[in-house]
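Here it is, the structure, as structure tokens.
Should a chain be cited, it is by its letter among A, B, C, D and E, assigned in written order, with residues numbered from 1 in that chain.
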Amino acid sequence: MQTTAIPAIESDAAIEIVRLNKWYGTFHVLRDIDLTVRRGERIVIAGPSGSGKSTLIRCINRLEEHQSGKIIVDGTELTHDLKNIDKVRSEVGMVFQHFNLFPHLTILENCTLAPIWVRKVPRREAEETAMHFLEKVRIPDQAHKYPGQLSGGQQQRVAIARALCMRPRIMLFDEPTSALDPEMIKEVLDTMIALAEDGMTMICVTHEMGFAQAVAHRVIFMDQGQIVEQNTPVEFFNNPQSERTRLFLSQILGH
Amino acid sequence: MQTTAIPAIESDAAIEIVRLNKWYGTFHVLRDIDLTVRRGERIVIAGPSGSGKSTLIRCINRLEEHQSGKIIVDGTELTHDLKNIDKVRSEVGMVFQHFNLFPHLTILENCTLAPIWVRKVPRREAEETAMHFLEKVRIPDQAHKYPGQLSGGQQQRVAIARALCMRPRIMLFDEPTSALDPEMIKEVLDTMIALAEDGMTMICVTHEMGFAQAVAHRVIFMDQGQIVEQNTPVEFFNNPQSERTRLFLSQILGH
Amino acid sequence: AEGDTLKEVKARDALNCGVNTGLIGFAAPDANGNWSGFDVSYCKALAAAVLGDATKVKYVPVTGQTRFTALSSGEVDVLARNSTWTFQRDTDLKLDFIGINYYDGQGFMVRKDLGVSSAKELNGATICIQTGTTTELNLADYFKANNMEYQPVNIDSNAEGEQQYMAGACDAYTTDASGLAATRASFADPENHIILPEIISKEPLGPAVRHGDNNWGDIARWTLYALIAAEEYGVTSANIDELAKSSNNPEVQRLLGTTDELGKMIGLDAEWARRAIKASGNYGEIFAATIGEQTPIGLARGLNAQWTQGGLMYAMPFR
Amino acid sequence: MSDTHSETVAFMRETMLPPQPPPLAQSGAIRWLRENLFSGPLNIALTLVGLGIVWLVVGAVGPWLTHSVWNAGSMAECRQIIAETWGEGATGACFALVKHRWNQFLFGFYPQALYWRPVLAFGLLFLALAPLLFSESARARRVVLGLAMVLTLVVSAVLDAPGPALAGMAVAMLAWAALVEARPRPALLASLVYPFAAVWLLWGGSLWTEAMALAGLAMGFLVWRGLARLGLFAFALAVVAAAAWWLLLAGPIAAALAGVLPLRLQPVSSDQFGGFVLSITIGVAGIALSLPLGVILALARRSDLPVIKVLAVMFIEFIRGVPLITLLFVASLLLNYFLPPGTNFDVILRVIIMVTLFAAAYMAEVIRGGLAGLPKGQYEAADALGLDYWKAQRLIILPQALKISIPGIVSTFIGMFKDTTLVVFVGLYDPLKAMSDTIRASFEWKGAYWEPYIFVGAIFFVLCFGMSRYSMYLERRLKHDHR
Amino acid sequence: MVTHTGAVDPPFRLSMLIYDRRYRSLTLQAIVFILVMLAASWIIDNTLKNLADLGKTLSFDFLFRRAGYDIPQQLIPYNSDDTHLRAAVVGLLNTLLVSVLGCIAATVLGVVAGVLRLSSNWLIARLMTVYVEVFRNIPLLLWILVCLALFTEIMPPPNAYRGENPAAGMILFDMVAPTNRYTAIPSIGMTNPPGTLALGREGISWALIAFAVVIAAALAGHRLLRSWARRVQERTGKRPTTWWISLAMFALPSILLTWYFGLHLIPPVLRGFNFADGINLDNALVVLWLALTLYTGAFIAEIVRAGILAVSRGQSEAAFALGLRPRRTMSLVVLPQALRVIVPPLISQYLNLTKNSSLAIAVGYMDLRGTLGGTTLNQTGREMEAMVLMMAVYLALSLIISAGMNIFNARVRLKER
């Protein structure tokens, strides 16, 4: 994985965000965000706590509603129209910090639930797909266990497989490794790197700078709800432009 | 803190334990324990789980009753006499694994409660003392928050400050860092090292071998309710005498 | 509305009859849930008249508190639960009392060893009384009129009243004299209790129906009169079939439907009264079988004798 | 270890000490007594007070209980026997009453020859619940299934159930057990048949009435699933279809089928219900109906749609704010006013409706607690996977929330079951007061106060205590269940 | 503030009623609202039709007619000439009386039983467990009936106190006579009565007012004293003992007043059929109170036990390690934490008790249901109005209690991160 070159520009953008603004009550979380993500592009978002990173990616699959601006995912604009929302959600997979697996279902059921009920895939086929992705994340043998019986790293890998089972075109990751013990971080990152190699469009909120350097095409730095700086990883780490970025980098690399 | 030399022998012992025996029901937890702790001495107790470490130090301030043998703390023997118990408890501070802060009181109130009601110190004075010690553990700015609002490491430091506010001559620590996240262990250990530098008599149950090597005068190894080996930290780690100690050390250092 | 009740009863093929939850002699279920008693017999007669089968009755036990609502809300078709005919009930509560099947009056029962021989000596006494009854009001009026004090002990059912009275929780138990007699009869030592001579109120007891359905009221009323008239004319359950053929008393002929189809006028067939009387006999037979002197209750006919015998039982002419 | 005092601190134990028995005062009965009964002046005083209480209770109740008579025809006979056996003035319990009238406490006025039907209905309840409540542990489920089957059959046989009925019962129950063991999921769905079977067994009449009612439900379900694309609209259509079926077609078809194949049981009317049959009927019906209603109310109360939320809150708070007894009075006094003129339906049914509404409000609060206990991440994950609201609730949220709430649901049920005794105040024959009063009103058993209370109280205690233990078992298991 | 700059909302289409999130929720709410309104109007329409069929009209006039019945237990003067409204108020006060008495007694019993259940004394702990389990698992109605039977069957009738050789004797210095009708307790008499303050039909004795003033003053003094003690403690660290001053502040004026008014107890004496002169506590009240207390007490015991167990052992150990004595540990550390856990369910038990007091019907105690929902309803036939009114009153009572609970909860909520 040496390629940090942006893939050949394809027909159009996977995600297009234009002048996005969002408020929580009177608190202005996202301010005039503009961002275009091309197909196959891999973006890492970094920034201090509370800077709006999670909010931004949660807006992309409408877990949060935005108040002004446009979000267009794969040609579908996110409005209040439920059909559009459903369409976008079936295009976009999401992995959470705390895995959010369904504890009352087995691993396999976790992975087949949405394909069966949302995509209306026959159970057999859904199970085959699920096993395929579980192999991909290297835990096919756990398929009939329950989430509670797995370690954190395994759970997060299941979460990734679950999202993949819906065959999304875009994957969002919200600090996928920050709730894990150090030993487990690596196994999850490896899975994500494997994914990146397949050319999946990815947006990943993370502070794992090693990961960013290895796979990202672009690193975006946010602060106070704004995009402060964006650059290639090499430039971003070696030659940060803004004062804030420098400060931030010194903190997270320092400890 | 390079001094692992035992302080100049003072008039007498801070704690003297003679042929201490304790049973839980018919289970013999402590067997013929003999131990003398000199003023200013710092002792680390290690040993496998269930070996009676906690029970031993809980006997020292009479949280547990012993059935035979003598415990003399600062010249006062622990018997059923309530006055003696009160006296000993006011000499001995204790810090627990799970902090045991009082969640319904602010940090400051946690620290002033005992001085006001036990030592009958005027509130103003108690608060000054409390602020002094909170500064010492480096969280004076949290004084008016509630324990629930603090991180684990901060809570444990408050617990230390709370014990110090009673101005004890001896401090007991029962695995003070084992319930903490790795980042927070350091801040608590730092606080304890600072305390050691002031010459406080300390008995500490811990598996933090770095800490033991840095501050302890003696390491005591317990197994099955008895003291199996005691030595200076250097000797203890580099040259364990007994088979059990070696086994134990290989286990905790191995992982 | 007009005429609905009869239709409903026929459609349902059962008569819903509101009865006491348990007052021996008047209405009480036995160990198998079969109901019997003075009021129950009326229900049976009515069911026989309307549906042709005395067993097609569904007994709905109602308490003193729920009885009138049960009737007005339509839960029961007729209420035969020793209820007193009063002005307010007849008008304001929108009930129609269709006649009187028992002339009663409120009395007091006390233990003999209390040494009381008149209700006037009850000043300061504790008195057990069922809530939700006219007796409650009469009692208040009586003591007030005589300038006496009393302490009421409110009870919910006759069973509870007996329990309290037996235990001495009240000095006197007051209810309708018939109920007192029934209660006294059930004691192990009836001779140790006396019913005081004063009757402090008129308690004309009778079945009631809802206001507004006059046809149903007529059926209920004339079924009662049929029972009373039958006694007057000597028609009994034993001789009724024979009389139906042989009697040449025109009144009897009309009553039993041999001539003049009176039944048609109230929407029934000609033999309605015959069936009603056959169900458990005429008024006198019912009285004798359920509460009369031969029964443990042992009530004398008294006011309830036929007018021809000096009583007040007087059926309107069947014509 | 005398060398601790020497200058060199090094020490190593050469031989390990063996454990020793504690000093004498630390073991055995003496220690137990000292620690548990006489460990201080306060404790000694408490022990004495406790002994005093035990002494008083035993002194007051003991002789009465030991002087109990089981064979007598009436209270008077009882008293005579007691006086003869234990001397004049002795008091004793007359459990002969229970022996004579136990059937009325249990079955009310249900026809004696048909006692096996309520027993069977009750036994089937456990069979139907087995896949639901004991789904986690196969062993517990088998024990419950087996016990319920054997007990039901034995009791039915003792109560003179006719031979064919017994044989049919045995076959049906075995088949059911096999289904539960082999295909637990369909069995869960098949449990839905139970209510209809129970109604048929209890009230009798033609089986086709219940079958058609069930068919309506099935049809509505099929319509809904068939038109699932239409979302809420499909649901509305399903309701309309089911209603049309029930109102228009069910009656004639049932009649026609009954003509072809008359599957009839002797009908038993509601006024013959009484005793524990009545209590359990009301209790079980109330809980079964209040559970779905409670789920809906709980979801409504947590909804973000203000109108729906406010309506739910108003309903719940209203029901919880008034005593059950007033609601029962409404059932008996006012409900007929609220319905179109001329409607008049069974008083048991009306009571069940009120009890259901009552329990549903409490159930809603219990389930709301369960819903609140779920982490927000579960909702978000469901959303992110594209599940819509109802699917998310059905597949993700409710299964978990209901599981957390089972202890609360069970205790709501216990409360409701105890409250079924209040139906006495609207003229129904509950086992406690109405039945006791009825029996006491007869000449033979006048004056028997304690015996009926003891008998009925003991049965209530066994049932409720059993249920509360079950819920504690569940609570413990849920706590350790880290799955 | 929320300005829609970038996006222009698409024009409204009908399909948006179902597919647009905002409109969809409006549609749904509108449908539900309409359905509920339809159902409500259907019910109201039916009711009006049914009432019209019966020739009844909704009217609350009956409340102002003469009631005509007597009520055994009354807190405000009432006789049969008063209106139904006043009878209802008497009933409501009776409901409140038994509820308040029940709540107090059940709390005391529950706390004692809950604490004792945790006691190290094996016998007592077992006894309390038996008590809790037995009372929680058997219907309240049974306990009411059992208590009623206890009182009517076991207590002697007043007659038994009569004669040379009475079968029963009064207890507590010949002051109290328990009977199967009531418990006769002494009343308070004055040799030097100061007259009464007339307030309509109810008068309030000046003596009562004087005592109320004394108690209020003593309470205020006690609080002042406490805050003074706290200030002294904060200044010097030593807390002065104040309890005896407080006691004196209360006791001295009381004794003075007692002496001045010539207060004394008037023992009940048997006169005629019943005890007179004293106060006769109706058994219906006592029975209901006892049963409610025993039943609710069992539930409260569980709540208290759970509350104490919820405070972890570590808390008291930490307090001991700091040198706090057990009593102080209890009052400064354990209780404040346990109370947060205990109070909310405790208050819902109070609510339950209040609602359960409507079972007064089983003992003939004339509470709100007995008067307004019982005799009044029955004599006037106004079931609709009476029931509505009664439910409204109960509802108001519960809402008030739960509002109190919410305030408490908000105040004691633990601060978390």
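Note that in this section a residue touches a chain if its C-beta (ideal position, glycine included) is under 8 Å from a C-beta of that chain, and two chains touch if they have at least 3 such contacts.
Chain-to-protein mapping (UniProt): A, B = ABC transporter ATP-binding protein; D, E = Amino acid ABC transporter permease.
Since this is a predicted model, take the numbers as computed values, not measurements.
Chemist: Please report the minimal path length, in steps, between chain A and chain C on the chain touch graph.
Modeler: Minimum number of steps from chain A to chain C: 2.
Chemist: Give me the set of chains touching chain C intersected with the set touching chain D.
Modeler: Output, common partners of chain C and chain D: E.
Chemist: State the superposition rotation angle between the two copies chain A and chain B, fitting on C-alpha atoms only and giving a multiple of 5 degrees from 0 to 180.
Modeler: 160
Chemist: Give me the ID of the chain with the smallest distance between its Cα centroid and the all-protein Cα centroid.
Modeler: It is chain D that sits nearest the middle.
Chemist: Weigh A-D against C-E on C-beta contact pairs and write down the one with more.
Modeler: Looking at contacts between chains, C-E has the larger number.
Chemist: Quick one: chain B and chain D, Cα centre-to-centre, how many Å?
Modeler: About 53 Å, centre to centre.
Chemist: Any idea how many Å lie between the Cα centroids of chain A and chain B?
Modeler: A distance of 46 Å separates the two centres.
Chemist: Return the distance between the CA-based centres of chain B and chain C, expressed in whole Å.
Modeler: Chain centres of chain B and chain C, defined by C-alpha means, are spaced 88 Å apart.
Chemist: Based only on mean CA positions, could you tell me how far chain A sits from chain E in angstrom?
Modeler: A distance of 57 Å separates the two centres.
Chemist: Could you list the positions in chain E whose residues touch two or more of the other chains?
Modeler: Each of 50, 53, 149, 153, 361-362, 383 in chain E touches at least two other chains.
Chemist: Where in chain D do residues touch two or more of the other chains?
Modeler: Counting only residues that touch two or more other chains, chain D contributes 329, 333-334, 336-337, 341, 425, 449.
Chemist: For chain B, which residues are shared contacts with two or more other chains?
Modeler: none
Chemist: For each chain, which other chains does it touch, given as pairs?
Modeler: A-D, A-E, B-D, B-E, C-D, C-E, D-E
Chemist: If we count contacts the way the header does, which residues on chain A are in touch with chain E in the complex?
Modeler: For chain A paired with chain E, touching residues are 18-21, 23, 26, 67-70, 77, 79-83, 85.
Chemist: If you look only at chain D, which of its residues touch chain C in the complex?
Modeler: Within the complex, chain D touches chain C at residues 76, 101, 104, 108-109, 112, 269, 271-272, 274, 329, 332-337, 341-342, 344, 347, 425-427, 429, 434, 437-438, 440-443, 446-447, 449.
Chemist: Report the residues of chain D in contact with chain B in the complex, numbered from low to high.
Modeler: 1-2, 4-5, 9-13, 16-17, 19-23, 26-27
Chemist: Per the contact definition, I'd like the list of chain C residues that touch chain D in the complex.
Modeler: Touch residues, chain C against chain D: 1, 4, 8, 21-22, 24, 28-33, 58-63, 66, 69-70, 73-75, 157-160, 162-163, 166, 186-188, 296.
Chemist: Where on chain C is chain E touching in the complex?
Modeler: 1, 64-65, 68-69, 72-73, 88-89, 92-94, 114, 122-126, 131-132, 136-137, 139-141, 144, 150-156, 160, 163-164, 167-171, 210-212
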